[in-house]
Each structure stands twice: as C-alpha cells, then as structure tokens.
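Order of writing sets the labels: A, B, C, D, E, F, G, H, I, J, K and L. Residues in every chain begin at 1.
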Amino acid sequence: MSTHTYKHIELTGSSEKGIEEAVQSALAKASETIHNLRWFEVTDTRGHIEDGRVAHWQVTIKVGFTLE
Amino acid sequence: MSTHTYKHIELTGSSEKGIEEAVQSALAKASETIHNLRWFEVTDTRGHIEDGRVAHWQVTIKVGFTLE
Amino acid sequence: MSTHTYKHIELTGSSEKGIEEAVQSALAKASETIHNLRWFEVTDTRGHIEDGRVAHWQVTIKVGFTLE
Amino acid sequence: MSTHTYKHIELTGSSEKGIEEAVQSALAKASETIHNLRWFEVTDTRGHIEDGRVAHWQVTIKVGFTLE
Amino acid sequence: MSTHTYKHIELTGSSEKGIEEAVQSALAKASETIHNLRWFEVTDTRGHIEDGRVAHWQVTIKVGFTLE
Amino acid sequence: MSTHTYKHIELTGSSEKGIEEAVQSALAKASETIHNLRWFEVTDTRGHIEDGRVAHWQVTIKVGFTLE
Amino acid sequence: MSTHTYKHIELTGSSEKGIEEAVQSALAKASETIHNLRWFEVTDTRGHIEDGRVAHWQVTIKVGFTLE
Amino acid sequence: MSTHTYKHIELTGSSEKGIEEAVQSALAKASETIHNLRWFEVTDTRGHIEDGRVAHWQVTIKVGFTLE
Amino acid sequence: MSTHTYKHIELTGSSEKGIEEAVQSALAKASETIHNLRWFEVTDTRGHIEDGRVAHWQVTIKVGFTLE
Amino acid sequence: MSTHTYKHIELTGSSEKGIEEAVQSALAKASETIHNLRWFEVTDTRGHIEDGRVAHWQVTIKVGFTLE
Amino acid sequence: MSTHTYKHIELTGSSEKGIEEAVQSALAKASETIHNLRWFEVTDTRGHIEDGRVAHWQVTIKVGFTLE
Amino acid sequence: MSTHTYKHIELTGSSEKGIEEAVQSALAKASETIHNLRWFEVTDTRGHIEDGRVAHWQVTIKVGFTLE
C-alpha cells in the first residue's frame, strides 16, 4: 500500500474439496515463478459436475504483486 | 464442450454449514429430475441471520446440462 | 419480509481460516451494537497473501436489519 | 428462507396501466402451473409506444419458487 | 422489429405523482419533435425529497425510434 | 447541489399497494431521525408472493442527505 | 409486443463455423419442444481452442417465447 | 485520437444474414447524414425468431464521430 | 431538479494536461450549440500513450440539458 | 489489512477546483466524527454545469474504517 | 476441466472481414509463444470506420491456458 | 488502430499528488520493459488515508500494447 507499482494477473485454481483450497492451489502455482504476491480478489466461482455432485471447484482470482 | 446444446437453470440451495454444502444441496435436488448436469457458476451468496450468527447460507447457482 | 423498513450497512470481516469464518466475524462485531440483523449478501471476497499463501481472508458483506 | 431448494424463472408480464399490474399479470399466468411462488425481483422495465404514449408496459421479473 | 434502422436517445422525465407519469411526460415532450417513437427502457429511477417526502419522481428512459 | 458534503444510506421500504408507496414509507421512517434528506435512487425492486399475488412490494433506495 | 406473458430460457449452442450458426443450432434444438419462440439476446460468446484455432464456437442466448 | 471532441450515438441495425451485415447497415444509414464517423462498439446482439430460425439479426452499436 | 424534461448526450473530450481539462474541453465544445447544460457524469477515462507517457487524456461524459 | 472488522460508508464531496480536492473535502468532513479512516474508492464522478463550465465537481467515494 | 491451474490473458485481434476472423487472428498470434491455449471469451467487439463502412473489426478476447 | 494484435495488462500506480501522476507512474514503470504501449483505460481509483487525508492515490489502469 506504498508508492510501488503493482501488476495484476488472473488465474483459475481448482480443488476437489472447496473454494478456499482452489484459491490456495492457484497461489501455490503462481508463487513458483512470481515473488511478492500481495493480495487477491475472487472474480468467479464455478465447478464441474459429475454424477450430480461437484467434481472440481474452479475459482478464478485476480492476483496483485509488486513490480520491482 | 462438444457440439451439444446446453440449457441453463438457476437454483438456490441452502445449508447451515457453509457455501460448498449449499451448492451440493441444490445439485442433489436438481439431479433427482435432471441428468447430464455438467457445470455450475455461483451467482449470489447470501444468508439468513439469527442471534447475530448465520442461520442458513443461501447460495444461488446457474447450472448447465446437455439437451438430448 | 413484512412491512418493516430495513437499513443496510456494508462490513468487511477477516479470518485466517476461510470465507465462512470471515462472515461470522463481521456479524459478531456488528451484533455488539445492532440488534435485529436479518440477512447478508457477500459482495466481495479478497485476501492478503504472505509467502505464497492466504494470510487473511477478507469478505465484504451487505447486512440488512430492521429499523424500529 | 428455510433449508429448501428454490428454482428461479424469468417472465415478462404486460399491462396497459402500469408497472405493478404488469407484474401481477405475469404472476397470475405463472401461478396457473406453478405453486409455491415465493418472491420476485424486477430486472427490466420496458414498454411499447404508440402515438407518443405508452401502449403497453412490459416488466421482466425473476421469480423464485420452492422445489418440492 | 423489421429491417429498419433505429436510433436511441436518453431522456429524464419528472412527475409529482409517480413513475408511470414521469415516463409519459418525457415521451410527450419527445413526441413534439420526433415521430416514430417505438419503445423505451427505464434505466434509472430517482427523485428529489422535500420535508421527508418525494417532491418529484425523475425517471430516465432510453427511447428508440425509426430512422427514415 | 452546492459545496456541501453528502452521506448516502441504503434502505428498503415495503408496501402492499405499490412501488411509490414503498419508497414513501422508507423515507417517512428515515426522516424521523435524519433531517436534510435530499434525493434517492431506486436500486432494487422486489416483492413477496402469497397465493400467486404480490403480498408486499419491497423497494430498496439509496438516500442522500447533507452532512452539517 | 402485445399483452401476452413471455417466459425466457437460457441456452448455449455450438458450431465449428461461427457465431450465427451456433445461435441457429440452439434455436433449432429448442424449437423441437417449444413453439412460439419470439426473440433472443446473445449474452456470452465463448469457444474451445485446439491447436491454436477455434474448435467450437459456443454462444449463449436468452430466448423469449409466449406462454399460452 | 487527437484533441478533437467526439460525440457518441446509439443505433440498431438489422439484417437477415448476420451480425456484421447488421452493423454495416446501421453505419450506412448513419453516414447519410453524419460525416466523420470514426469507431463503433457493439453493445447488444439480439434477433427476431420466426419458425424456429433467426428472421432478423438486430445489433445495437455505439458510434463515435468528430464534432467540428 | 424541477418538472423539466432532460436529454442526455455522450461526449469525449481530450486534453494533454489532465482529466478536469478534458471535461472542460468537451463542455466548451457542446455549449457552442446547446444551451442549458446542467450536469455531467464521467463514464470513461482513457488515454493515448506516446514514448511511455500520456499524450492525450480522453474523458467520456454523459451530459444532461433541459429540453425547452 | 489485519483481522479487524471494517465498516464502509458512502460520501459525496464537492469542489470548484477538481476531483482530488472534492475527495479531500469529503474526507475532512468525515474525519470530524470518525477516526481510523483507512481507504477510499471513487464510485462516481459528476458535476454541476453553469455557463458551459464545471461549477462544482461532485465525487462520490466509499470509505472504509476500523470498527473498534 | 481437471485440477490444472489456468492463466488468463486479454488480447485484441483485428480483421477486415469480420468477428470470427479477428478472433482467429489473435489466437494465431498468441499461439506463436503460448501452447496449451484452451478457451476464450469475447469481452468487447469494436471497429474502426472509414467512409461510412467498417474498415477493421477489433475483437477483444480473454484467453485461458494451462500453467505447466 | 491497424490490423495488429494487442495485448492488455492491468497495473496499479500510486502517487501522493493525484490521479494523473499515479497513471504516469504506472506507465513509466511499465515502459522500462514493454515498448509499444498504445493506450490505457482507468478501471479503479482508490487511495490510502492517513490522519483524515489522502496519503497515496492508487489508480488501476488497463494498458494495451502491440504484439510484434
């Protein structure tokens, strides 16, 4: 929240368990190559259905990180 | 994701426990009469409050299924 | 859902655990001073990231209560 | 507002008199075949003009009913 | 609804009585100079308050007419 | 419309008769404690259905007033 | 555009060729069981990609028909 | 993209063939009276259905032109 | 804010200096031919970039004026 | 950005000079009675026109503060 | 639609012929450097006008691809 | 505005002085690594408050550049 410049990217993570884990999964993948991840915002919550149940939660997030 | 035609319906499921269970509850009810449910998108997350706590989570989803 | 007048306020609650707990946290704080909380709607789901993981979930809700 | 599952449908009712009567007209038609209508939300208010005056009000509503 | 080209304009009409009369008032004014008004859509419903009551309803509409 | 600062609050009024009366009802309640109400904007028009008819109109408005 | 009541449903049609054919495909499927289809509105245009090219166009439409 | 002032108008063109031709049709009509049309943006894609097929595509565009 | 009818038009003004001047520039151009301009609302703020700097600010406004 | 609960209010500030000063003016008024103001978001930028020029900029902001 | 993480990027492709070709053009350019493009969504359809006709269609798409 | 393909990225720049400088700051940072920046659109204007005054303006922009 200082005078840095931030860049935002949009990711979709997925999980068989739920929304929170799908977000963590996307962040874990992104942090392999991007450091300085600061915040995220959920922009879409979807899922794939098999046999009348949620097979995968698919959560789209906008993620902000510091440009250095 | 093939050349089928899909129809979308909108449902609200509820649960005392949380968002994921409210979605599963709506899908379970819909799958009693509709087969081929394929995907869903959360369009609204609301709830009913009693004594300063969430009494019921009420989650609205758009659900897509194959027209055969 | 009767002929009462309702007022809506907007709050952001936070939690290290997840979305549901962040909502409960905001409602617990609001119910210290406002009685007759009736319903809420989630309007934004964000979070703060530390070390590539969600440090705090921050969930914004619109809350309705009866004006007496 | 209990643990039921709700389904939503979208209708457009019309009236020469005004908005409220157009809504009542759509509900009257829907209640011929669907019981347990619970709530509605106005999503669009349009009309047809003849000779510089409103000939028909056309009001679109989303209607929720209990799945039993 | 044929192969004509339509132009849309945006107007705000006002009335001390209510929403329908504010729309009719805007259409009456527009039809002084534009013929072939065909349809309208309400895009905003506002009002001015005096002494805790609505003094004027101000309804904004998009109006379509045939280009000849 | 001068250099004052305005605050906005959001209210839902209800009425068995129609939209205009639901708005007036919310304003009447608000003006018991807030003076200087200046304008409102309708943000949501909903209702409760009983026996296939509108039992209560529930209209949500944003109301602006002068901070003194 | 008369005093009928209309119902709206949402469909996704697909085509390997383009947007117009995907819409026609959804309408052809819907008209097998619903008569009196009157109008549609495109609400989403998506597609599936294979080998860097559009494999299927998937166009979502809202379709209105007369309730009789 | 210089320091000119632009004005925007909204038009709906129609075509029996498809979206592109409906846009060209609206632009052809507008250019009879307005010169310096510079850009457009599609804001709505609708159509009229007859016998289960699209009878007319109706595409609404916002068009910008230079004020001289 | 009386019982007049208002018409709204949409303009884009530009400036090398900033947002406020781009708005003033569009109003100055519009007031050459339209009197009774009353209010505006900013609907889009864009710009053209040259050599990594803003070359022109381009601000789109909706402007309301009294129909007489 | 810790585990506090935040409340959001909506204000409109005005200024003869420009957008930034209108925001500062609303914050100055709000800080007379509310401490712990943390952030704001601009949600609407409007203005009042006199003699073809902006007489007052009117900027609406959502302001967040810590509930203690 | 499995447990992969997806990244989304936004592109604008252009074509003198029409919407479909503008999308294909953007995908062809993107697939030079990104493999695993999976889906796209059209988010904006614009164009440049010369002599009262569409000179270039410019279609903006959001494209999703698998992060490996 | 020719037949190039454009890519869009989203950045947040900040400034103690105002909106224009926050945009310039984000563009200056982006132009260190990306050439051919062509246009931007402001999508969010926020700020951080200290002692009842704006400490930093934080302006989010979508920036388009040519893919070569």
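What we mean here is this: a contact is a pair of C-beta atoms (placed from the backbone, for glycine too) under 8 Å apart; a residue touches a chain by one contact, two chains touch by 3 or more.
Just so you know, these numbers come straight off a predicted model, no measurement behind them.
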item: Any chain in contact with chain F as well as chain K; value: none
item: Chain whose Cα centroid lies at the greatest distance from that of chain A; value: E
item: Chain copies touching (chain E, chain H) - same or different residues, decided at half shared; value: different
item: Centre-to-centre distance between chain F and chain A (centres being mean Cα positions), rounded to whole Å; value: 38
item: Centroid distance [mean C-alpha coordinates] between chain L and chain K, Å; value: 23
item: Distance from the mean Cα position of chain H to that of chain D, given in whole angstrom; value: 31
item: Chain D residues counted as touching two or more neighbouring chains; value: 1, 19, 30, 48
item: Chain E to chain D touching residues, read off their complex; value: 19-20, 23-24, 27-28, 30-31, 37-42, 63
item: Touching residues on chain L, where the partner in the complex is chain A; value: 9-16, 25-26, 29-30, 48, 56, 58, 60
item: Residues of chain L that touch chain J when the two form their complex; value: 18-19, 44-49, 51-54, 57
item: Contact footprint of chain H on chain E as seen in their complex; value: 1-8, 62, 64, 67
